Amino acid sequence: MKTIVIAAHPDDETLGVGGTLLRRKAEGNKTAWLIVTGISPEQGWSAERVSQREQEIEQVSRLLEFDEVYRLNFPAARLDEVPLRDLVTAMSGVFRQFEPSEVFVPHFSDIHSDHRIVFEAMASVRKWFRYPFVQRILCYETLSETDFGLGDTGVFRPNYFLDVSPYMDTKIEALRVYASELAEFPFPRSEYAVRALAAVRGAASGYLAAEAFELLRERG
Amino acid sequence: MKTIVIAAHPDDETLGVGGTLLRRKAEGNKTAWLIVTGISPEQGWSAERVSQREQEIEQVSRLLEFDEVYRLNFPAARLDEVPLRDLVTAMSGVFRQFEPSEVFVPHFSDIHSDHRIVFEAMASVRKWFRYPFVQRILCYETLSETDFGLGDTGVFRPNYFLDVSPYMDTKIEALRVYASELAEFPFPRSEYAVRALAAVRGAASGYLAAEAFELLRERG
Amino acid sequence: MKTIVIAAHPDDETLGVGGTLLRRKAEGNKTAWLIVTGISPEQGWSAERVSQREQEIEQVSRLLEFDEVYRLNFPAARLDEVPLRDLVTAMSGVFRQFEPSEVFVPHFSDIHSDHRIVFEAMASVRKWFRYPFVQRILCYETLSETDFGLGDTGVFRPNYFLDVSPYMDTKIEALRVYASELAEFPFPRSEYAVRALAAVRGAASGYLAAEAFELLRERG
Amino acid sequence: MKTIVIAAHPDDETLGVGGTLLRRKAEGNKTAWLIVTGISPEQGWSAERVSQREQEIEQVSRLLEFDEVYRLNFPAARLDEVPLRDLVTAMSGVFRQFEPSEVFVPHFSDIHSDHRIVFEAMASVRKWFRYPFVQRILCYETLSETDFGLGDTGVFRPNYFLDVSPYMDTKIEALRVYASELAEFPFPRSEYAVRALAAVRGAASGYLAAEAFELLRERG
Amino acid sequence: MKTIVIAAHPDDETLGVGGTLLRRKAEGNKTAWLIVTGISPEQGWSAERVSQREQEIEQVSRLLEFDEVYRLNFPAARLDEVPLRDLVTAMSGVFRQFEPSEVFVPHFSDIHSDHRIVFEAMASVRKWFRYPFVQRILCYETLSETDFGLGDTGVFRPNYFLDVSPYMDTKIEALRVYASELAEFPFPRSEYAVRALAAVRGAASGYLAAEAFELLRERG
Amino acid sequence: MKTIVIAAHPDDETLGVGGTLLRRKAEGNKTAWLIVTGISPEQGWSAERVSQREQEIEQVSRLLEFDEVYRLNFPAARLDEVPLRDLVTAMSGVFRQFEPSEVFVPHFSDIHSDHRIVFEAMASVRKWFRYPFVQRILCYETLSETDFGLGDTGVFRPNYFLDVSPYMDTKIEALRVYASELAEFPFPRSEYAVRALAAVRGAASGYLAAEAFELLRERG
């Protein structure tokens, strides 16, 4: 089996699927990281931040043991300005190359418009005649996005829980790589909040720590 | 793995899960049939109908290759008069005995109140600390119930498709056992309608014939 | 009465409303086909495909007996790049000219973004003070779009069923005109899938073949 | 055509469907009133109230010009204690006798449990093979019930608006018959509230006064 | 202001509203505890368990500083066998006596049928002309019930967050009184799970610990 | 406390929040009006209409007693062409300046795409770590937009009712300033329709006239 996680921005993959990715590796899967957006000096980011971001991606890539990292470098926080077709074409190319059987996408109610657009661009993944290798599609939750989400028009309803107890420490280690994105609790992107969410999902499923997902489609 | 299907009335299991049950057997699972209601002369059914029903159950039990058949014999079309606790207790006993890992239940929007009550009685199956062996719970669809269902307050949203192409003929054979429940198309419980539904679900998932389910909860 | 079908792309009208359009004609209605997108060599389509498309539209127009065909020629698969106001203005012009009383639109959960955008652009059709002649608005379902749709945020809930038994053969004939869009079953755009869906909708409503719709608004 | 309104209690029919019933009569339909509950001295009602209720029913029956009045006399505010099957059997008998083509039922989210139970008991009306004469089923709204309803689990979504401008005065006259159920505005069952709701529904549909419904199912 | 919490069973009030109740007291409100069910030797509970339960109620009553404790003693886990009207009448009496302005009720999607029935019985609390003193109605969440709930037909959507940081320790102390209901984490009714949930709700609202609610209705 | 209303176009604030804004002033709050779009000769509006609009804004600003009026002047009916980030940045600036604790936004199901886009741009208001001063966010309803809304994918569910009886006359006076936007009843933007809606919301909450809102999030 092959597993891919679609991240609108680096750190989504760790927050939402970090433990599961390590578990999939332990189970013998190949795993890939598809990062949709990127930052660059042209978009007004400092060279320092851009270079730091490169190092973060490299470090997390090692910690989460990805086999492949794909980067599309669409402009962060500006995906609504990109023609949907360009997004679909770029992601589609990665899919045809990696041929994942399991796909993790952001949730359609996430508060960040980039997340919702990535979800929409990934919608056609469900068409078996386009991507016959895809067998399971799951939405993950992103602390500070899903929990503030547009819950009125759609809410995260976890129906798929995975035990990630053995992988929590590495997940936290990967999280710490994104030091500039973290802050002290009760800030949602903090170690304590991440552990608390894993505990709440674990209490719901019988594990010391769990990641929760919403299954969109499985076929087999 | 062990698979159980909860049927409010005999024929639900064939209509909704017939192909999947045969597939699970072929995959090496043990399978069980939990029939919640029964008919009896005391409830006003003719001795002939009651005996015919016995034969139907026996025949279908053989055709679908069930390892176990559990019968609770609550009064058909009168489940709303049974204390919920009695239902839960009886089903719970079967669960503790068979220890299923995969559970198929009727859909919560089915038009028949018996179906909705069975769904409700089975709700606590999700509590991992009560039934630690349960790992996957799926709602199935029942032609003539789900398709007329209370779609306003909840609608069948299939997100789990299983290829049952090799098992369609036996499924139809099992269906024919319930001759008295069938009528000519466009009656929903007819061979043509059953094959058409399998085709529509197949077109959605890439198989010549499929059964579709709504995943309620999976853990592992 | 006058009936109009809004098709994001040619073949939607046949898949979703083909039988009903023929029935409306038989009932004495005038019918119109509003095709929102078009293809052209400038967009990278071969001259041959463009000319074939012209022939398809002409043939289907005859088979479905349309009184009027309106073509807006917005770029296919790129509607998200068109200002919504331009879409609304163009469709609005057609509405003021044809003055339909019955309107068929794509479903808001269809997987193709063009379908969702057409739905959104048509939303103001509900305003009686803008289009006083409109009395009934129905969403239709499109095989290979509605069945893969974003069911999480909205799902097709048919509440309006029309008997199209006498028109199925002509509907299939019209479908065959779009030979390049079809493939063998279980591909959703195939004769067998179309007939199976008509049978499933028929079983739900008591007809040998039916088309199903979701009523958005009726006034009278 | 034949139209039936199912009222959990007398006055529901006037509040929700009063104007439409008069319009249907004017259009040449036969109309029937099915009153599900009744009051009696045995249930603790005074002989005076019971006799007053009889007179109310008679008067409203004349004002709304019903062709038939069916009364099932199940205990008011206690429908949850009645076996669902008894309710279904009793209503079913009326349906087979009157053979309505158009059916008005209370909304499934009404706050009064009697309303929700009547809705549930009427659910099987959708099965065409049981009631082949039924072609259209609509939920109506009841001031003081629908507007306080369990909106969380289902909300009244009007999609069917009927012009009842010419019938508002008679509707109000019928309402006044239920003097003991009325109180001064802002009490919901008051002339002013009824006229205001008709105006709000009219503004949404282009009429001076309208009644709004939610279409559950139409076939034809 | 006066605040009342409706608990299907003792411990719901602590799990869902423990911190908020203490905060309301600190803010000068009077608070009341309405316990809907009870246990008794007649229902098969040991005299020891019944007497222990009495002590628990007394201790928690002191710890949460309730001004009033109302006990209806309907049979636990058997509310579906109680006529809804009896429940409504009994609760209504308490309401007329205490005249609360703020009401906390269990969530309508909780997995325990007792919770859903209490919610339903409390529905009419929204009618201002019956309970003119009620101004705010909120659903609370109950670990081990709401998190396993019938999320398919309605899901807990918190939209109201209260900072309970200063009261967490007393809340935990009250929780420990129910020793027989607790077990070790990942059991949902455990100190760690309760603290984790408070942290997750706090991260969503900016507090070290929060309780989350779903507002049903506020007027003023 | 400080209250801000976000209006896609002038008149939304009066229709949806007019009475409440006056009440908030009477309660001692500061209030602000954030007008997202503007019209200009460059967009094809006559100089006369533009100047009339200026006068309307000035007059309404006085009548509703706003402390602050912020105008972003994005192009009306063309918000879908504006990068979301530009909208967010502009609104964010106003928020940081005024520091509102209570925010009124258009409803996410409004039929006008400008309303939905304003809602989306305001979504991040829920992030407490971005706008720590915001404590309550409410959606308001806009006659002629919310009542024709995309109810299929989300419907206005009022759960928050405010008594605006003393302020109705001034609200109507403010409404009349927008003479060019009004027409005779049953046109939705008419005095009679506005009073009828206030009466319907009042009947639901026990006041002679009320404005109804949907609470999205409150924290405190």
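Per-chain numbering from 1; labels A, B, C, D, E and F assigned in written order.
Operating definition for what follows: a residue touches a chain if its C-beta (ideal position, glycine included) is under 8 Å from a C-beta of that chain, and two chains touch if they have at least 3 such contacts.
Note that the coordinates shown come from a computational prediction; the quantities given were computed from them, not determined experimentally.
On superposing C-alpha atoms, the copy chain C sits rotated by 180° relative to chain D, to the nearest 5.
Distance from the chain A centre to the chain E centre is 36 Å, each centre being the mean of its Cα atoms.
Between chain B and chain F, the centres computed from C-alpha atoms are 51 Å apart. Counting partners per residue, chain A has 129, 144, 148, 152-153, 159, 187-188, 205-207, 216 as the residues that reach two or more other chains. By the definition of touch given earlier, these chain pairs are in contact: A-B, A-C, A-E, A-F, B-C, B-D, B-E, C-D, C-F, D-E, D-F, E-F.
Taken in their complex, chain D has these residues touching chain F: 143-144, 147-148, 151-152, 155, 157, 159, 185-188, 190, 192-193, 195-197, 199-200, 202-208. Every residue of chain E that touches chain F in the complex is listed here, in rising order: 128-129, 132, 159-163, 205-207, 210, 215-220. The residues of chain B lying in touch with chain D in their complex are 77-78, 80-81, 111, 113, 144, 148, 150, 152-153, 183, 187-188. The part of chain C that touches chain F in the complex is made up of residues 83-85, 108-109, 120, 123-124, 126-127, 129, 139, 153-154, 214, 216.
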